[in-house]
Amino acid sequence: MSPPHTGQFFARVLCRQLLLVMRRPIEMGNPLLFFAMVIVLFPLGLGPAPDKLANFAPGLLWITALLSNLLTSDAVFRSDFDDGSLEQLMLAPQPLFLSSLSYILAHWLTTGFLLALVSPVFALMLNLPISALGTLILSLLLGTAVLSLLGGIGAALTVGLKRGGMLISLLILPFYMPVLIFGAAAVQAAVTGTPPGPYLAILGAMLSLAIALAPLAIATGLRISLDA
Amino acid sequence: MYFNTVQALLMMDGHGVYVWPAYLITAVIIVMLLVAPMRRRSRLLQRLAAEVRRAERKTVAGVRGGQ
Amino acid sequence: MSISAIGAPLLEAQSLSLLRGGRELFCDLSLAVHAGQLWQIEGANGAGKTSLLRILCGLSRYGFEGKVVRPVAPLYLGHQPAVKALLSPRENLRWHLNGEGLYSAEQIDSALARVGLCGYEDVTSHTLSAGQHRRVNLARLFLSDARLWLLDEPFTAIDAQGVDETQALLASHVAAGGAVVMTSHQKLQVTCEVHTLKLVQSLIS
Amino acid sequence: MWTFFHKLGSPPWLYAIAGAILRWLVPITLIALISGTVWGLLFTSPDFRQGNSYRIIYIHVPAAVVALAGYYVMAIAGAISLIWRMKMADVVMKAAAPVGAALTFIALLTGAIWGKPTWGTWWVWDARITSMLILLFLYLGVVALYESFDNKEAAGKACAVLSLVGMVNIPIVYKSVDWWYSLHQPASIKFTGESTIDSSMLYPLLLMIAAFYALFTCCLLMNMRAELLQRESRTQWVKRIADEKGRG
């Protein structure tokens, strides 16, 4: 039996990751629960006035999505690193670029994607106008994908460290800022009625750049972390 | 010289209280930037020199002990 | 199938030298592993056996001088058993990341049986003991079709009967034209000839 | 040319060359810094709008310019160490990080102090200053990542990857922050927009920028020498230097 070519192996690693997550589906709820709880914090902090909340809603929703993504991106490689599966992946003849991309895709499907689908519920709690919900979901879908890719770079660089969790936010948050700027601007534009198209286009451009370059950095980062 | 008296220089008609501290802090940081590597290098060299001397003393003692 | 003539080596290391924490683990070490050879790397604890093996299999790429030529994709069994606690032994082997082809269900079951895990195929691994985890890892030897095997102390936590069975497998693999490089503290009772490589630990003068 | 590039790889030769350069570069830097400051502070006339507080430009702008250039120096050194596997490029990167961080901090501090008289508040979310703050986070990220690795070899490689990712991201961050700034305050005055600065003020500024570049190079070379000694402390040539220092 000849070794699988790259596409089959990509699909196999993806299915393996999704299977592992499905073994404990409750854990998929953790980022969503975190998102919900932080959204609840804002009215407590800023006061319940609907109009003030609506004014901040795009920014708050996006910042919370960003933070929940940051929290989960540390564990992308951690479990496989601890029990040695990551070493076996390094030795597979298939390119590491695509294997790490499948890891990130699995991570996005189980966190960012669900977050985007669930976010309208919390947007309504912050009095975001109904007209902006579609843009919110679309911008979160694009944005969390970019965030997962960038978070993957941080995860790859710190997977070998015992106390890498806190370090990852220091490394990766500066790269999250442009995504936040254009994501929140897209939702803000939808709220004010102007077409959000250009902002979503920029998010899409960032996504394509991240898909092309981030796995390179992730693969190199993994090789370095495993070598130490 | 734009300012004719030292007093005018210090006051800089009201803005001196911002300009001088800014320059002072910058000067302090620049001095630290220049001095820190020098100190680190000399301390490292001293430690290594002591190590070398200790190693020499040991081998000399070793030779004397050997006879 | 007789041992093929000494062709191109399956694994070649040229003048490897590694410094770790001021200690020189090995210097100017060269090694050529040809088909049909069984190499055992001996040395005290901390002599750099695992580091050498990680360099040979390509896990370590920085931090050492010298070159490693490895035309074939190796099978590497490391200290960690690469077994996911959430998956059963059968699923672990089915979804293994070593990039080889899909193993059929019968192959997986027969391999698990030969390492003495029949009856445990569908138990989730976190209920299994560490020794059983290593056995699942060892089952990969029966499944893999890689010609070059790099094994890091494969016999730890394996009972006597398992060790004999594995040694027999190593001998047959080498006889069939494969190559094995392994580290182990035990003396190997194997029919074929064992080439040994001694790692003498030396402090930099 | 190739042998020069190759010789850059041998630590003792690099150590000696850095020492030679420093011997004449440090005095030049000090002279340039002092003369630039004196010229800028004492001899130029105040800005008609901002009065004398504009004199802070002679340290704020050079620090900002050199800090950004410093990040690119670090990223390029990182790229060299990753692509050509030259250990010495790691040393350059490790030496550049703290100097760049300090210069970014100077730029931020003087920017804030300059903001007080002109805008009345210490911190202003101006586009340039916000981007400078993000640059400081990038620097601190590299320094923190380097400190968290025990194996310094792997630390150098990991920081090289991070600074490369940073280099790709810096234009994106700067453009998006500029764009973000124009979205929220379209009508406000552009604080750091280069109002047409007339020549009497421009020349001291250019001198100060040159002085800051020289300062960056000096600190970089000094840090490099210290780092070289640290990494090669077991080798013979370092022991010989320690001997001469001990006896000298």
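Things worth noting here:
Order as written gives the chain letters A, B, C and D; numbering starts at 1 within each chain.
Everything below uses one rule, namely that contacts are C-beta pairs under 8 Å (C-beta built on N, C-alpha and C of every residue); 3 or more make two chains touch, one makes a residue touch a chain.
Please read these numbers as outputs of a predicted model, since none were measured by experiment.
By the count of C-beta pairs in contact, the leading chain pair is B-D.
Between chain A and chain D the centroid-to-centroid distance comes to 32 Å (mean Cα coordinates, whole Å).
Mean C-alpha position of chain A lies 37 Å from that of chain C.
Chain B and chain D, compared by their mean Cα positions, are separated by 19 Å.
Chain geometry summary: the mean Cα position of chain B and that of chain C are 54 Å apart. Residue positions of chain C with contacts to 2 or more other chains are 62-63. Residue positions of chain A with contacts to 2 or more other chains are 224, 227.
Within chain B, no positions touching two or more other chains are listed.
A complete list of chain pairs in contact reads A-C, A-D, B-D, C-D. Residues 22, 62-63, 204 of chain C touch chain D in their complex. On chain D, the positions that touch chain A within their shared complex are 82, 134, 137-138, 140-141, 144-145, 148-151, 153-154, 157-158, 161-162, 164-166, 168-169, 172-173, 176-177, 179-180, 183.
Per the touch definition, chain D reaches chain C in the complex via residues 85, 151, 153-154, 157, 234.
On chain D, the positions that touch chain B within their shared complex are 26, 33, 37, 41-46, 51-53, 55-56, 59-60, 63, 99, 102, 105-106, 109-110, 113-114, 116-117, 215, 218-219, 222-223, 225-226, 229-230, 233, 238-239, 241-243, 245-246.
On the chain C side of its complex with chain A, the touching residues are 57-63, 73-74, 76, 78-87, 91, 95-103, 145.
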